[in-house]
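The structure appears right after this line, and notes come after that.
Chain naming follows the written order as A, B, C and D, and within any one chain the residues start at number 1.
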């Protein structure tokens, strides 16, 4: 059983550099999380880009789409910033034969109390259990990207 | 959307008392994990018992079965020790109208690097996405309780 | 035995708000750290201000100095951003009858691998074991504020 | 500046093996803790034995004493189980020219909320700031091993 992990940046991979008194996007955290959880799936990793999701362009999305289409595996998890996750999800609709799950985190994975680990556990399962299509796995729920929104004030995804 | 959490003990809830120089099973960890992850599902909690799964008897399993049958909700996650998780899963087969997911952890949830958070994220999703039946969510995979075994030496679940 | 904790902000207290896609300075982390460590000292807390240390003014330093002078206790730990920690330390020299220890963190205390907990353990001890004067406790060492500098590139304090 | 770390086992180094449904004493945790804290001291490590402190014999203590005497460095931190820490401390009294600090943890260092990191930060500082002698650094305080006791019920060290 194989789930391909494609990383695009976002809060989940943010680290903190005191030297710059600032955070930025570091190495993908997903492989560490999968290793600690004792995951026995094959989880090939594609570190595609490292961007705040507000900076992801339609060119980036086109690259992401082509990358997914090029995979032999059917099950895809994409780690992604939350601000434009739904937009990317809608963009990716219509790729035949793939179950694509977008996930991210409200707090960097390096935080003690981050939601990153829970959300990745959730996403990996949605990729294995749902039929082809595009899904968002956040806040313990499965969303249709065309029918959800990030509630910024409440820091969570909601159905619309 | 609602997922009922039934806790039965196991490593996931083990804490450490230096006073006794030993581990024992404490309060259920699931509510803390769900809160940190920002889960917006309803997750009613039933703390049914606190046992090492090697000490779970068929009377305990009968109580667990009746408790599940008594729930109005269809989606059930059971936190359970790993040693007899498959046995309990087989015992619970045949309850109509319920998607039942057993999960646990190889390391206590209080550990920095525990698999508990990932596994709970996984189980909550399996409960929402799979048809009625009984499943085990461990090591990033979905198992049929009748067709898996805990490989004690490798500390993981495997298909048989 | 009593050690007074005065908090001024800095990286140690930085939290992450995805809503703002940014870090800012939250509640003091010191009380949580002391509680988890089972510290049995009296540790009265004065949350004086919440600033990045680059934004601390000489007015702030004057307030800090008066606040220290007003304490009945002799042992003082100040949590402080690292960028101007040495400058504040030099400013505080000459307060009679007080052992004053400045500390902070290169990574927010909310990080899994932050240096905050270690540094606070260190600072609390320096406050109890050293004669009156002003000290910096960082990187496992005791520095004279007049004779140390933050090496920004290496992200550590060094003697000069 | 150099502080020699001698590890003897104890709760601080306990890990959990689900395979055995039990904990046991693993590799010394001190080097990881020192690295995460960005400690810039020289901290040579001597992993002397791995024992629950109730199992430490007077032969073990004689070996520990000889090991300390053989060090060229003057500052020594010993990681040790808490149950007989005071006894070992009294045994080590009288070694000339050494500042010896015993420390341990009420919860394994692998726990999210362990006191191990704080206590090691504390011990490393006591080793550098106190005159020759033997000390215990626990619960944020410095104890004379001859005048303290572990209060097992309250899970803390107290003066007697």
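Heads up, the rule we're going with is that a contact is a pair of C-beta atoms (placed from the backbone, for glycine too) under 8 Å apart; a residue touches a chain by one contact, two chains touch by 3 or more.
Per UniProt, the chains are A, B, C, D = Asparaginase domain-containing protein.
If you're wondering where the values come from, they're calculated on a predicted model, not measured in any experiment.
Trainee: Taking touch as defined above, what minimum step count separates subunit B and subunit C?
Mentor: The fewest steps needed to get from subunit B to subunit C is 2.
Trainee: Between subunit C and subunit D, which partner chains are common?
Mentor: Both subunit C and subunit D are touched by no common chain, going by the contact rule given at the top.
Trainee: By CA centroid distance, what chain is farthest from subunit D?
Mentor: Max centre-to-centre separation from subunit D belongs to A.
Trainee: Compute the distance, rounded to whole Å, between the mean C-alpha positions of subunit B and subunit D.
Mentor: 37
Trainee: Please work out the Cα centroid separation of subunit A and subunit B, and write it as a whole number of Å.
Mentor: Spacing between the chain centres: roughly 26 Å.
Trainee: With centres defined as the mean C-alpha position, give me the subunit A-subunit D separation in Å.
Mentor: Centre-to-centre distance between subunit A and subunit D: 43 Å.
Trainee: Of all residues in subunit C, which are in touch with two or more distinct other chains?
Mentor: 106, 112-113, 155
Trainee: Can you list every touching chain pair?
Mentor: Final set of chain pairs in contact is A-B, A-C, B-D, C-D.
Trainee: Per the contact definition, I'd like the list of subunit D residues that touch subunit B in the complex.
Mentor: The contact residues of subunit D facing subunit B are 11, 14, 16-19, 21-23, 52, 54, 82-83, 106-108, 110-113, 152-153, 155.
Trainee: Per the contact definition, I'd like the list of subunit A residues that touch subunit B in the complex.
Mentor: Touch residues, subunit A against subunit B: 1, 3, 33-34, 36-41, 43, 106, 113-115, 117-126, 128-130, 137, 139-142, 155-158.
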